[in-house]
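Two complexes are shown next, each including chain A; its partner changes from chain B in the first to chain C in the second.
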Partner chain A sequence: MIGGIGADGASPLHRLPAGSKLAGLAVIATALFFVDVPAVLAIAAVIGGAAMLSTGRAPARLARDLALPGLAVVLVGLADVLLVDAATALVAVLRLAALLFFAQAVTLTTSTGELADTLERALVPFDRLGLLDAPRVALTLTLAIRFVPLIGAEIAAIREAQAVRGLAGHPVALAVPLIVRILVRAEEIADAIDARGFPPPRGPGILADRAAPSPAVPSEDLPHDHP
Partner chain B sequence: MTTRDIGLVALFAAVIVALGAVPAFPLAVLPVPITLQSLGVMLAGLVLGPKRGAAAPLVVIALVAIGLPVLAGGRGGLVVFAGPTAGFLIGWVPAAFVAGLLAMRLDRDGTPALVRALSAVRLNALTRPLARGGTGTVSRLLGLIAAALIGGVVVDYAFGIVWLAFAAKIGLAKAFYGSLAFIPGDIVKAVIAALVTLKVGDAYRLDRR
Partner chain C sequence: MNHTDRSEGGPRPTAASPSTERRQTIVFDAVSVVREGRTVLDGLSLTLTERRIGIVGRNGSGKSTLLKSLIGLVAPTEGTIIVDGRDSITDARAIRAVTGFLFQNPDNQIVFPIVAEDLAFGLKNHGFDRAQTAARVDAALDRLDIRALGRRRIHELSGGEKQLVALAGVLALGPKTVLFDEPTSQLDLHNRNRFRAVLAAMPEQAVVVAHDLELLDDFDRVLVIDAGRIVADDRPSRALALYRERSA
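Moving on to the complex of A and B:
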C-alpha cells in the first residue's frame, strides 16, 4: 500500500468535514482566477499560508512538501518577467502561491479515507442518474492502490527472469511481458471478485429503483457497455 | 464495465503510478518533469481502447485528488491541480481516449494511405519494403504510432498548453514554444508504446472498447 499525505491532528481545519473543505477550496480557487489585483491576491496568499501553518505541520516539512510545486511557480514567475512584464509575473505568482497554500492546507488536514468517502458520496447523484456505479468506482480506486506494489513485484520478477537468461534491460522487452501478464491477471482478479459476490445486491434507499436487478442478472449486459 | 474491465482499469492505473517511480530523466529547466508516466497513458489507450483506456488515467487523477503521492517525484494532493502544468495531467484522459479510438481504426493490416502515397511519388527504395515486406505488420505499427502520437502528444499538449497559457498568463504562443522541448521525449515514448502494443497483440488478442 502507499500512504497518503494527510496527517493526523486536531486543528480546526482537521475537524471541518472533508466535503466543506473541498467545496471551500473550489470556491476560493475559482474566485482567485477572476482577481487581478496584487494586493487582494497577496492577502489571499497570506490567509492560505496561515491556514497551512494552522495545521500544525512543522514549517520545515511544509517547505519540503512545497519544494517541487514551488519551483514550478518560481519558474513561471521568471518566464513572466522575461516574456511579459513584472506586474503580470507578480499577479501569476501570488495567485499560484495562494492556490498552492489553500490546496496544501486541505490535503494536510484530510485523510485519504475521508477523501475517498467524500468522493464516493459525491458520485451517488451520478449513480442515481444511472451514469455510473459508485460501488464499482470505489472498488476500482481501491484495487488500483492495492495493485501498485503488485506491478512493482511483477516488474522485479520479469527483470530477474531476463537477467538470469543474460538479457539486458530494455523498455520494450520489459513492458511486453508486463502488459501480457496484466491482461491475463485481470481475468483471475475478475474471477476472484465475482466469486465473492460483487457487486453487493442493492438495498432500498441507495437507489430509487427498489426492484433493482439481483446479481443473477449480470450488469455487464447493460447496453452502454458495448459500442 | 464488467468485473474484468474494473480489474484492467485498476491494473493500468497502477502501471501509470508504478512508471512514476522509474527515475525520471531531466531534460530542460521547464517545470514539467519528463517521466515514463505518459508512456503508461499511451499504453492504456492503445491496449484497452478508448473507454477503458481513458478510465485508467482518470483513476490516477482521482488518486491524486484524494492526496496520494502517485505522480512522478511523489507528487500528489490538490496542490497538483493548482499548478501551472495541471493541464498536461488532465489531458491524459482525452489523450488515452483518442489514442484508443485511433488504435481501433488504424491497427489493422493493409497498406496505409501514407505508404501508398509515398509509393506513388516513386520513393520506391524507401517504401517498397514498407509496403510489401511487412505483410501488415509495418502498416499496423505505423497506425499505432500515429494513434499514440495524436492522442498522447497532440491532444495532451493541447490541454497542457492552453492551461499553461492561462494559469501562467504567458499567452498561447509562448506556452507552445516553451512546451516544444518535451516533444522529442514524447515521440520516443509514442514509438515505444506502439511497439509494445504490437507485440502484446501478437501474444494476446486485444479487444479494444
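Moving on to the complex of A and C:
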C-alpha cells in the first residue's frame, strides 16, 4: 500500500483537497462502527470499492495492494466464525472491507506532501498547546513512508549476503547488521535534514501559508551583501 | 539526456542562478574537533575564497568532518569557523540558507518519495511560499535537464538520477556555495562524466571532497588532509602529485 502513496492522476478524488478526503475518511470510519446492519455495510463496501476503482488504478494492481490487508480481514472473519458466529463474522468482514476500500481510495489519490501538510495543519492546535511539534510529527510520517521500502531493500541485501555465507534464516545474522545499518543511515539522514534547513523557523504563523519569505531566505530580489 | 551540451555551453544564468557572482569567504581559525577522545581535526587555520576547492585524503582523515563543520553539523571543540562573517554554530541557519550540502549517498538526503515534493522540502524549510516554491522547483529541474523526473518516485530512479535530484534540491535554494562529499563515488563512468559536466557549468562556489582525483584536475586549489592536518595546499597538479606520492 505504501508504494501507492503519491500516485498521479486526474480523477475527481485526486482533485479533492487532502483535508476533505481525510476528514471524510474519519467520518466514514466512525459511522461504520455504529452500523451493524449487513445490508448497509455491504452498500458501504460497494461504494468504497467504486471510489477505489474511480482512481484509475488497474484492478490487478489494486488486488495486489490489498492482498496483505485483505488477508488480515479474512483472518478476523475466520476467528469470528470459530469463536462467535457467522452473522458477527459477516458484519466484521463487511465493515473492515468498506473501511479498507475507502482508505485505499484516499491513499491512492493523495501525495505524501499533501498528507504531511494536512497533518501538520491539523496538528497546529496541539502544537500551540505545547503538546507536540507539528512539523516534526509530519516529517516523521514522511520519513516512515519514504524509508520503510528502503529498509525492506536492506533486509533483502543482508539476507542475500548471509545466504552466501550459509547463514540463511538465522535471525541474529539478520538483526545485527540490519540494526547497525539503520543506525548509520539514521545519523546521515538526520544530518541531511539539518543541512536542508529543517525545522522551518518558528514565528507567528508558523504553519500558515508563508506569504513572505523569512529574513534568512536568500532571494534573487534581495541584494547579496558581499563584496 | 545530453551532457555534452552543458559542458560546452558553460554556465548560463537561470532563475536559480542569478548572474551575480556567488561565492563566500570561509575562515577556519585554529579549529580542532575531538570526537570520542580522538582528534579528528587538529588546529586548522585556513582562508578559502576560491571558486573551486578540492579536498583529498585517506579514509578517516577528517574530510567529511571538515565539510560538516562548515555548516554547523559538527561543532569545533576549539577555534571558530566563519562563513561570510557568520559563525558556524550561532548562525548555522543563515549559513545553511546559502550553503548547500550534497551527501555521498543521495538516498539518505532525499526525504520525500516524489522528486518534485523532495525539492519543495528545502524551500519550505527556508520560508518560500507555494508559488515561489513551484517556480524554483521547475527552474532547478530544468537547469539539470531532469524536468522529466519531476513526478517520478525516488525508489524507481537510478543512482545517477538520484544524485542529480539531490543536487537539484540543493540548487533550488539558490546557494552561493555547494559542499560535495564524494559526489561521484557511487556513480558509473557515464554518470561521473555527466556529473563532471554539471559541476563545470555551475556558477556557484564548490568545495569538493573526492577520491576521484580527476574530478579536481581543473580546480583552483586542492587541500591534502592527513590525520586532521593540512599537509599540502596548492594548485591541483602539485597537491595531487604529492597526495599520489604519499599514498604509494
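We adopt the following convention: the second predicted complex is superposed on the first by the 129 of 227 C-alpha atoms of A that agree within 3 Å, B and C clash if a C-alpha of one lies under 4 Å from a C-alpha of the other, contacts with A are read in each partner's own complex, and residues count from 1 in each chain.
The rule is simple: contacts are C-beta pairs under 8 Å (C-beta built on N, C-alpha and C of every residue); 3 or more make two chains touch, one makes a residue touch a chain.
As the structure is a computational prediction, the values presented were derived from the model and not from experiment.
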First (chain B), second (chain C), both or neither touched by A:R15: neither
First, second, both or neither for A:L143, with chain B first and chain C second: both
Which of chain B and chain C A:L25 touches, first, second, both or neither: first
Touching partner for A:G197 - first (chain B), second (chain C), both, neither: second
Contacts of A:R165 with chain B and chain C, given as first, second, both or neither: neither
Partner chain in contact with A:I189 - chain B first, chain C second, else both or neither: both
Contact residues common to both interfaces of chain A (with chain B and with chain C): 5-6, 111-112, 139, 143, 145-146, 150, 185, 189, 193-194, 198, 218, 220, 226
Chain C partner contacts - residues on chain A that touch it in the complex: 3, 5-6, 8, 111-113, 139, 142-143, 145-146, 149-150, 185, 188-189, 191-201, 209-214, 216-220, 224, 226
In the complex with chain B, residue positions of chain A that touch it: 2, 4-6, 25, 29, 65-66, 68-69, 71-73, 75-76, 79-80, 83-84, 88, 91-92, 96, 99-100, 102-104, 106-107, 110-112, 115-116, 119, 133, 136, 139-141, 143-148, 150-152, 155, 171-172, 175-176, 178-180, 182-187, 189-190, 193-194, 198, 218, 220, 225-227
Chain C residues touching chain A - in the complex, by the definition given at the top: 15, 18, 20, 22, 24-25, 68, 71, 73, 84, 93-94, 96-98, 100-101, 103, 105, 107-114, 117, 120-122, 124-130, 132, 151, 153-155, 169, 173-176
Residue ranges of chain B in contact with chain A within the complex: 1-15, 17-18, 21, 29-31, 36, 39, 43, 47, 51, 55, 59-60, 62-63, 65-70, 73, 75-85, 167-171, 174, 178, 192, 195-197, 199-200, 203-204, 209
